[in-house]
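Across the two complexes that follow, chain A remains constant while its partner is chain B and subsequently chain C.
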Partner chain A sequence: MFTLQILVDGFAISALYGLGAIGFTLIFGVSGVLNLAHGGIMVVSGVAAWAVAGDLHAGPYLGALAGVAAGVLTAFATYGLVVRPIQRSRAIPRDETEIFVLTGTLLWGIMLQVAIAYLFSDNPVTVQPLIGGVVQVFGVRTPRNELLIAVISWVSIGLLWLLVNRTRAGRTLLAASINPRALTLLGFELSRIYLLVWAIYGVLAALAGVLLASFLGTSSANIGQLTASAFSIVVLGGLGSVSGSLIAAYVVGYLETITAYTVSPTLRTIPALLLLVLVVYLRPQGLLGRR
Partner chain B sequence: MSQSSRARPARRFTQHLALGLCVAAPIAASQARAAEPIRIAVIAENSAIGGIAITNGAQLAADQLNAAGGVGGRKIEIITYDDHNSATDAVRAFQRAATQDHAVAVIGSYMSEVALALEPWAARLHMPFITPGASSNEITRRIHADYAHFKYSFHGYFTSSEIAQASCDFAHDILVPQFGVHTSVVMSEDAAWTTPLDATYLECLPKAGIKVLDHIRFSPDTTDFTPIFNRIESLHPDIITTGISHVGVQPTVQWASQQVPIAMTGISSQATTTTFWRDTNGAAQGVILQEDAAPDVATTAKTIPFAEAYLKRFGVSPGYAGYTAADDVNIIALAVQAAGSTDADKLVSAMEKTDYVGTIGRIGFYGKDDPFTHGLIYGAGFATGLMVQWQDGKQVAVWPKAVANGTLKFPAFIKLPQMHAAN
Partner chain C sequence: MRRTGSWLWLVLLALVLLAALPLAVSGYILGVLTLAYYFGVFSMAWDLLFGFAGEVNFGPTFLIGLGAYAAGLLNTAGWPIPLCILAGALAAVLGGVLLALPALRLRGPYFGLITLVAVLLLQQAIVIFAGVTGGEIGLTIPDVISVDAGVNYWIALGFMAISGFLLFGLARSPVGLILQASGQDAVEAAALGFNVTKHKLAAFCISALFSGLAGALLVFYLGTASVGTVVDIAVGVQVIIAAVLGGRRTIVGAAIGAIFLIIAAEALRPLGQLSTLVVSAVALLAILFLPDGVVGYLLHRGRTP
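What follows is the complex of A and B.
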């Protein structure tokens, strides 16, 4: 029973971790950007969904849609106001662009955190679940919403796989992640590809933000932790590797759940961080990384 | 006309002028002093529901006092500082309030860690300081241990031991006899205020007839409470006795969404304001918590009018520290009036003699010889707080009997030994 409980609880949280992390890794793979405002985008989506569903009495579905829209807009704002100006700046030496993007997105994330705390307070809020009630899964009482979160996460991941592997736009993204220079020589406009990848990233991060807010709640105070969690998963799986991130999400998700159940909920993140240190030391490219 | 006769009116004029100046100068000075506002500094975390309640509660109380003419013709001016929940920021604000902004007293923080950091500065700078929301017993213990040094600090909220005792008294009076409750698990966040809280729980729950099956302390950073609830459920207690303030929304929402069949009762600070219902999307239904005052409960004649004015102005009900911050502004104003001065030692002396009926009840402070020196007097005839339960978006008072305006009702998923109160 105890093992089953860990299996069921770990599955949903890992799926959510995976959804949150694949956008993060995708954007690094395609455009080389490590977006440290990632947690900010997730929290903006969650808080927007909560505000629209609750304050405007729009209901959980419209609320969730509004949350995703707010997340996508924030992702575009991150790209348009922070990343792109830094990448285009002539004042910044080319080999220092990445560190400037890193710093810029980190500061942007802090701005988002302060803005959300100012407008909505830093008290946690929860998004109305899309469905209520509980069901027994292998004898474990599980909220229906938790199962729905796992399903939505996996469907979204599946759709991303189809997009990348079965569509022309997706294959262009893949090519951009392997050799962007060759792609420009073939006449592709890289800026349009970047816009597409930021749009996909925005949807994935926003969806993860809304689902997380309906599962565990969300708060501006969580922004740093959410970014760190996605960063750990992506480094563990290998920067730029979508499948590596998914495997890492499940490794981290289950490691945390096992620790929380068998040792202490307070120490849940420690073993995953130790594993991360070990991986960085023994296999710096991560589980399935290319760089 | 001789020179002397010509000089006389001039001399007389000079004499009159000097006399006039001698009389007018003190009058002008006293008028200037009368016009000078009484500055009260308020230090709180303004982005938190609990923190902003302090700032708003104090401002509303000051505005009400000023509308009634102020204190001896002097207006109360509230100077606010955001401490961002940081002891360092709070100490800086305290220093600025004392040295630059010339505050006569400081009302500060709902965090025990922050209040404990401010206490030594109140002693060093001889600045009367009162905390409207922190609850650690250490605040009053320090004053008792070194009165001469720490006498400038006052504890304007109940101590952790007192709020734990209120929960136990409620359990003894209602949960045990009416619902057959005999076992509990204590679930508290790891913080300065919960150490004495839990110690009192572990002592007073058995005395109330409730066996404590386990005592769980968890990090305030915890976001997933599923393993904690599973562990509790495996022990089959009748109730969960809570000690939560930094967390609140997440455990409550997860308790409801996972339909944990055990009632939650105790301290849940975030649940003291009406936004909690909104923040949890109604998952708070059935949660029982200790409060110093509630919006619809006439603890005193001042409670409901204050809560209504606060709700009208700020759109939410005052959190627990909103009531006490308002009372603290009045206590300081009365002390200034009684002392006839803003001198720190005279103010402290006047505050020690406080006998004021505020929004949370009759307020007085324990004396120098009591172990809880400068803590709120708790018990019959004074403020005791109340236990409320969230029912359909409202906080319904269920204890003590004198102020109760409803009875306990639990969500369908809650299982208690006796499900219906034996009235």
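What follows is the complex of A and C.
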């Protein structure tokens, strides 16, 4: 019973972690950018969904849609206002672009956090779930919303897989992650590929943000924590590896759920952090990473 | 070389003027500046590690926090202040060695993540052992160095000046050059016969030593140690922003950046929450348009047309 409870609860939260982390790893794989404003984008979409659904009485569906739109816009803003100018700047030495992107996106994340806190306060808000009610799964009382979250997460992950492996645009993405220079020689416009990957990333992160807000609630104070957890999941799985990120998301999700249920909810993040330190020491490329 | 000479005089003049400040301004301003000077040391120590050894340390507050809490806890246990400060520095150096171990094996984002995790773990440890550390509320320290604003100000200024000269001298010494070489291309530096491992380890220890000392001194100035003032990632971010804003690889720029940031945050206080937004936006603009920082820009202006 207790084990089942952990299994069922952990599944949904892990699926959500996976969804949030996949976009993060995709962006790194294709364009070598670690976006430390990730949590900011997630919270922007969650809060936007809450504001449109609640304050404007638009209902949960329109709210979720508005949330995703806001998240995608924020992702584009992150690319257009912060990442792209840094990558194109002549004053920044090539080998230091990475640290500048990290610092720049970190600052951008802080700006998002403060702006949200100013406009909507940093009180946690919970988005109205798309469907209400409770069902029995293996004898465990589970909110329908939790099931919906798992389904939406996995459907999105499946769609992403189809997009990357079965469409022309997706294959150029894959090629860009392997050898961007060869791709430009073949006549592909790299900047358009980057726009596409940021669009996909925006949808994934925003979806994760809205769903998270309907599950655990969201607050501008969580931005740092969300970025850190996506970052650790992605490193644990191996930077740039999508399947590695999914496995890592489940490892972290279950580790947290088990700790929360059996030890104490206040300690829930610690075992995952320790595991991360251990993995990075012993196998720096992560579970499925390439170097 | 003449350039360095004229800079030195300028810095000395500025220090003399700053030292005379307690005769002219109120205790409130002195308090803000005291805090700013300790931040200056944090930033300079970070700059040594990043600008010269090339290690992206996202968790300067791991070292600062270790120094601050070690000093605070020992003082609560009845140790005298000087011993506490030494012990704090020692604890930070141990932490620095601990951080250096992965840094010698990992590069770039991986090491950055480890430093971030180190801060999170330290923060969790402080919260878990709330009975000893005071948890999220903070640890109240029984002793303070002085209750006089002027004395505290002079101690902070003196400490920043001495640390600055030592770190600057080190950065300009042959050791600093070797560090810079190992940071930019470790393989080539090793091929030239330099012991990269030894130099990087030394850089970590020195950076940790100054971070820890400053953290311990700050605790005895504030009379309290709390997660929000010496451990939180936001504090670490501020240290990094200060160094980038002032100019990487300049040491002096880091201190100037830190003093500017603290004063700007204080001056913008009437804006409330928005002050952080303004400061972050300014820092972001500086990164985009003045990536070498203010001091870096002034230095390079003469060199490249």
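We adopt the following convention: the second predicted complex is superposed on the first by the 291 of 291 C-alpha atoms of A that agree within 3 Å, B and C clash if a C-alpha of one lies under 4 Å from a C-alpha of the other, contacts with A are read in each partner's own complex, and residues count from 1 in each chain.
The rule is short, and it goes like this: a contact is a pair of C-beta atoms (placed from the backbone, for glycine too) under 8 Å apart; a residue touches a chain by one contact, two chains touch by 3 or more.
Note that the structure is a prediction, hence the values are computed from the model and not measured.
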- Task: Answer with clash or fit: chain B and chain C placed together on chain A by superposition.
- Result: fit
- Message: Between chain B and chain C, whom does A:280 touch in the aligned arrangement: first, second, both, or neither?
- Response: second
- Would you sort A:68 into first (chain B), second (chain C), both or neither based on which partner it touches? neither
- Message: Quick one: is A:37 in contact with chain B, with chain C, with both, or with neither? Answer first, second, both or neither.
- Response: neither
- Message: Quick check on the superposed pair: does A:126 touch chain B, chain C, both, or neither? Answer first, second, both or neither.
- Response: first
- Item | chain B versus chain C as contact partner of A:104, first or second or both or neither | second
- Message: So in the superposed three-chain picture, is A:117 touching just chain B, just chain C, both, or none of them (first/second/both/neither)?
- Response: both
- Task: Report, in whole Å, the shortest distance between any C-alpha atom of chain B and any C-alpha atom of chain C after the two complexes are superposed.
- Result: 5
- Note on the structure: Going through chain A, the residues touched by chain B and also by chain C turn out to be 117-118, 266
- Query: Within the complex, which stretch of chain A touches chain C?
  - Reply: 34, 82, 85-86, 89, 91-92, 95, 98-100, 102-104, 106-108, 110-111, 114-115, 117-118, 224, 228, 231-232, 235, 239, 266-267, 269-270, 273-274, 276-277, 280-281, 284
- Item | chain A residues within the chain B interface of the complex | 5, 9, 13, 50, 53-55, 117-118, 121-129, 132, 134, 141, 143, 145-146, 216-217, 220, 222, 225, 257, 260-261, 264-266, 268
- What residues of chain B sit close enough to touch chain A in their complex? 47-49, 52, 190, 218-219, 221-228, 230, 247-250, 253-254, 257-259, 270, 275, 278-281, 283
- Item | Residue ranges of chain C touching chain A (in the complex, touch as defined) | 50, 56, 58, 102, 105-106, 108-110, 112-114, 116-117, 120-121, 124, 127-128, 184, 233-234, 237, 240-241, 244, 272-274, 276-277, 280-281, 283-284, 287-292
